[in-house]
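Think of it as A, B, C and D in the order they're written, each chain with its own count starting at 1.
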Amino acid sequence: MSDVRVGVYICHCGKNIAGVINPAKVAEFASKLPNVVVARDYMYMCSSPGQSLIEEDIKKYNLNRVIVAACSPRMHEPTFQAVLKRAGLNPWLLQMVNIREHDTWVHEDTPDKAEEKAKELVAAAVARATHLYEITTEKAPVVKSALVIGGGIAGIRAALDLANAGIKVYLVEKRQSIGGRMAQLDKTFPTLDCSKCILTPLMVDVARHPNIEIYAYSEVVDVSGSAGDFKVKIKLKPTYVDWSKCTGCGTCVEKCPGKAPNEFDEGLGFRKAIYFEFAQAVPRRPVIDPRYCLWFTKGICRVCSKVCPVGAIDYEQKERYVELNVGAIVVAIGYEIYDMTKMVEYGYGKFKNVITGLQLERLSDADGPTKGRIVRLSDGREPKTVAIVLCAGSRDEKHVRYCCRFGCAAALKHVYYVKHAVPDAKVLVLYTDVRAFGKGFEEFYQKVRSWDDVYFIRGRPAEIFEDKDGSLIFDVYDSNTNQLINVRADLVVLESAVVPPKDWEPLRRLLKVSCDPGGFALELHPKLRPFETTADGIFLAGTIQGPKDIPDTVAHAAAAAAVAIGFLLKGYVESVPYLATVNEDLCSGCGLCVSVCPYDAITIEEKEGRRVAKVNVIRCKGCGACAATCPSGAMQQHYFTDTQILSEVSTLAGGAK
Amino acid sequence: MSEGVFEPRIVVFACNWCSYAGIDLAGTSRIKYPHNVRIIKVMCSGRVNPEMVLKALVDGADGVLITGCHPGDCHYISGNYKTMRRYFLLRKLLKQLGLEERVRLEWISASEGERWARVATDFVEHIRRLGPLKLKEVMSSE
Amino acid sequence: MSLDVRLIDKKILEDVIELVKPHTPQYCYQCAKCTSACSTSKVLPEYKPHLIVALTRLGLIKELLNSGIIWACSECWKCAEYCPQNVAPVEVVIALKNLAIAMGYKPPEDLKVMAKNVIELGYISPPIEVLSKEFEMYSRTTLELPPLIKPYINTEAVNNLRKLFGGVL
Amino acid sequence: MSKFLLFLGCTIPTKQYAYEISARNVLPRLGIELVDFPEAGCCGFPLKGINKKGWVYMSARILSIAAKKGLPILALCNGCDTSLRKIKDILKHDEVLRNEIAELLSREGIKLNFNVDVYHTIEVLHDFVGIERIKALVVRPLKGIKIASYPGCHMLRPTDIPRPEPSGEPKKFDSILSALGAEVGYYPDKGGCCGATMLPYSPKHAFKLTAIKIKNMKDFGFQATTTSCPYCMEMLDSKQDAIRAEVGDDTLSIPVFYITQLVGLAIGLKPKELGLNLNLSPVEEVLERLGVSIYE
């Protein structure tokens, strides 16, 4: 192909690449490759002058292929495609070469080999580029509605922002009320304002917003379609109460004789078998828990049905399904605390007076199981010595590797709870590092340090034992005083590690979102695109992207909403360029491609008396399974044709000449 | 090849969504592994056909590694199951040619930068032990 | 006491890493959970596993070896069990003991006797007569237990033992 | 009938005779066939501080000889059990060391082979004999006696290799005691250290550590304690007098038994058959309650 004119650009990426290999040598090598008209190296290819350099070269040398050897295409492919576009070239005539993540960052010990590798990768790209051709993409309209999964503070904030921008929002919450973790908290750090006082008005706003529809006690069970046009199936779990009739008067709850452990209170205290999740629940509608309801377990009672003034109780209710059509999905399903029974050494679950920070929140809450009294669970006595253990399970190779990012500040807040409820209590804060990094946190930390009978001990207990009276005895080495301290505490509070919710894994698979090593959703870029996922049209809000405190969660959720709004209001999505395409002259109509297509995007049709495959470009997502299966080579995938891949294979297998 | 140390040449097919991202993660985390691997991006491991694998071996590669998302994680619903089926068929063919030790299928997720480094190191060492393939020389001399 | 940064000796750390792998003493972030757990520390407060790791990290082990405190480890393995970073201070201590011996430091006398007995008898001690509460002496013979045989009879085997442990005698 | 090589280690055959006597008399009655293994010797555990490689060599040697006999090993001693399993793990993962050890062994005509199963007394009792079987054989239940199980460190740790019991919550020991009819229960630091390994460094400090353990047991109302480790026995039982003297607390007195001795008592064996006359702690307190004379 004599008309192929290739320009090759080797990026230094500062020292990231040039610190290991010599980009000038790679450029020199490239300049001698067939069809290469110009080859250059430059300090930062992605910078404005770097981009201009390419743009000018395209015009000056009449280039029709561009190769950029720099970072991962996952980082800057769109950047350089835009350069081609500006210079009047089709963006798919670009070929990126990853010489940073795949080369200099991992082979700095063998710089010669790294340079050789860079040359080979460039040579393979040049070989491949010869076979690139223009690809045109289609624009498909976007459905102007969004699904928000999870009704905690992240979901609430994202839903409100989306709705205020005029977007129809469906908010799906698995529990019967929105509010999430924040509703369980008594106060919020560092300002110590009442958590519910700032949360419940937002919950009400959500309920009243004309653009928001809440699906409480519901779960996402299926997701199909693609960015801009998702089809989502929601399961409405049976509540055994007809919520359309119910007025939320609460007579049923009052009269119910059933008794069940209270999940909202973290297992402390009890609730009825028919219950509201908490006093300010939104929607304020009760649910029957069939595991504890006497009608479901023993076939007796039916008191709720008898007392309901509007006849809303429906023991026969079955689960229902709703199908929604949305353009974007915001995942805001939050976090769970790490199962503290797994840290056997701290005795949680075995010793009654070892509790989690979240349990202390419930004890401290005026609306909680003890009406705000902080007590020992073993005997209801006021604790006179309380030990708060930081990093319980966090930063631990045997449990959770990462930092929970709110344990330190929560611990400081928990000191306040204890000192407020039991002013003469002695409080020990057992820390490894106090990471008071947020706005106002350091000032808060300073204030707490000054309080009477509060001691900061730099150390971590290893084993907690229970004495006969339920007190907890343990040693902790304090590296501030260089002493082993013998502690006898009435109450131990574990600031537990944070993990993704259990139901995340199945949802993640439905959404085709990748996860990070901790199991949280993987963002598109850790710094620049922390609200987006590898799946187009699916956004992240709050702690499902990684542990966060409330200020960060709200900021993250609002930003996710803003990005989602931008996506939805743009009005169209560009079709995937990597679509399947048929060479009808070669196709024998055998239909193997039809059998492997996961999207039913291929049909066999009659054309001029022959049977040939036909690709539905709207359905095709560009996996290439059909192209891999086609026995005649008639089925190809744009940007990944057999010829393109094989030319790359051949060069890399044979080495650069 | 320098001073008699056999440096295997290995072609890797990596799917865009999981494995390529996982290999990128090894890079951003600066987890080192042998330089011998050359990565080719495909959108899905299900795009890789036997011809590509054989072409790599015939044209000079000493080993081929196909990487994709873990079962159940495929971005395209079931592409990796197709890869798996095709891989088992391919292995039968390779076995007849005495090449089955040279091709491997591995699942690398986007979060498994460390695992990728282990897999790459292990495979390079494995191929190093097997020695050079020299299929290209054999075929051109025949 | 002040520390001159030029005294840092990374060779020591390298030797220790080699002996404790796959544990990684460099990961230690000094939470001192090991010392909170340490059995020895409960009765001998100057024994501090987290400090031993920190000093090893810098290669400043001379004091530790001179004082002989590394031999106080009760080898209960609690430090390794609870260490959040898989450092396993007990393994570091065992490595330091090995280094100390290689550098010519002497272990506690009882341990030397054990080594001698192992080389000569194959056991850390010869079978002894024990005294009961009733002040009667008992031996394997009087208790009708089968006699012990020497497990290391082969000359090469004894040579092996001598080579491995003979240095402390 | 399960068959094991009876691996005694050093401490048991050279001074802790009661463990050997009781094991030899009790286990066969529970359907366990014991094959003598006198060519084993020391596992090397006490000498790892001098030379870790020497320890690996000694344990590897024992494993290799056992592998040739084709029988699993029953290690009575916690230290031996840890040692053999730890060395199996080390040899599996460290190729360089493996080759070195294989070389050392080949000089004395032994082929390195560590493909052999190792079990501890507690596992043999709990997993091979089984709780139901033990229950069925009990003729003299240890009723009304509150016994503190004392597993000892190396029964539980290090956890990067398989241990008979999990570190946090040892259960097998107590379930055996319950099967014998004894009362069991919690006390602080059940998985703690007896201090035996500190002896060469400082007996004084080692005794203090044991004293804490006995105090915990007494405080929580235990009338006796039992272990399966000759080192723990040495500290708790043989040195009990010295410990009382060291800490100056005469109340630190508790009968101490090997678990095999308690099983033997419960299934009707005579104290002599269990070597109970060799225990130095006041075991007669328990025997009296069972109506057994130590002179039987």
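Here are a few things to note about the model shown:
The working rule: contacts are C-beta pairs under 8 Å (C-beta built on N, C-alpha and C of every residue); 3 or more make two chains touch, one makes a residue touch a chain.
In this text, all values refer to a predicted model and were calculated from it rather than measured experimentally.
Counting hops only between chains that touch, chain B reaches chain D in a minimum of 2. A separation of 30 Å divides the Cα centre of chain A from that of chain B.
Chain C and chain D, compared by their mean Cα positions, are separated by 21 Å. Centre to centre, using the average C-alpha position, chain B and chain C are separated by 46 Å. Inter-chain spacing, taken between the CA centroids of chain A and chain D, is 50 Å. Among all residues of chain C, those that touch two or more other chains are 42, 78, 81. Of all residues in chain D, those that touch two or more other chains are 167.
All chain pairs that touch, listed by label, are A-B, A-C, A-D, C-D.
The touching residues of chain A, counted against chain C in their complex, run 345, 391, 395-399, 432, 458-463, 474-477, 479, 483-484. On the chain A side of its complex with chain B, the touching residues are 72-74, 98, 100-103, 105-110, 113-114, 116-117, 120-121, 124, 509, 512, 514-517, 522, 534-535, 578, 596, 598-599, 621-625, 627-629, 637, 640, 642, 645-646, 648-650, 652-655.
Contact residues on chain C toward chain D in their complex (touch as defined above): 19, 21-22, 39-40, 42-44, 68, 71-78, 80-81, 88, 90, 94-95, 97-98, 101, 107-111, 114-115, 118, 122-128, 130, 132-134, 136, 138, 140, 143, 145-146, 148-149, 151-152, 154, 156-157, 159-161, 164-165, 167-168. Note for the complex: chain D touches chain A at residues 166-169, 186, 188-189, 219-220.
Within the complex, the chain B residues that touch chain A are 7, 9, 11, 17-18, 20-21, 23-24, 26-28, 30-33, 35, 38-44, 46-49, 51-52, 55-61, 72-73, 75-79, 82, 86, 109-112, 114, 117, 136.
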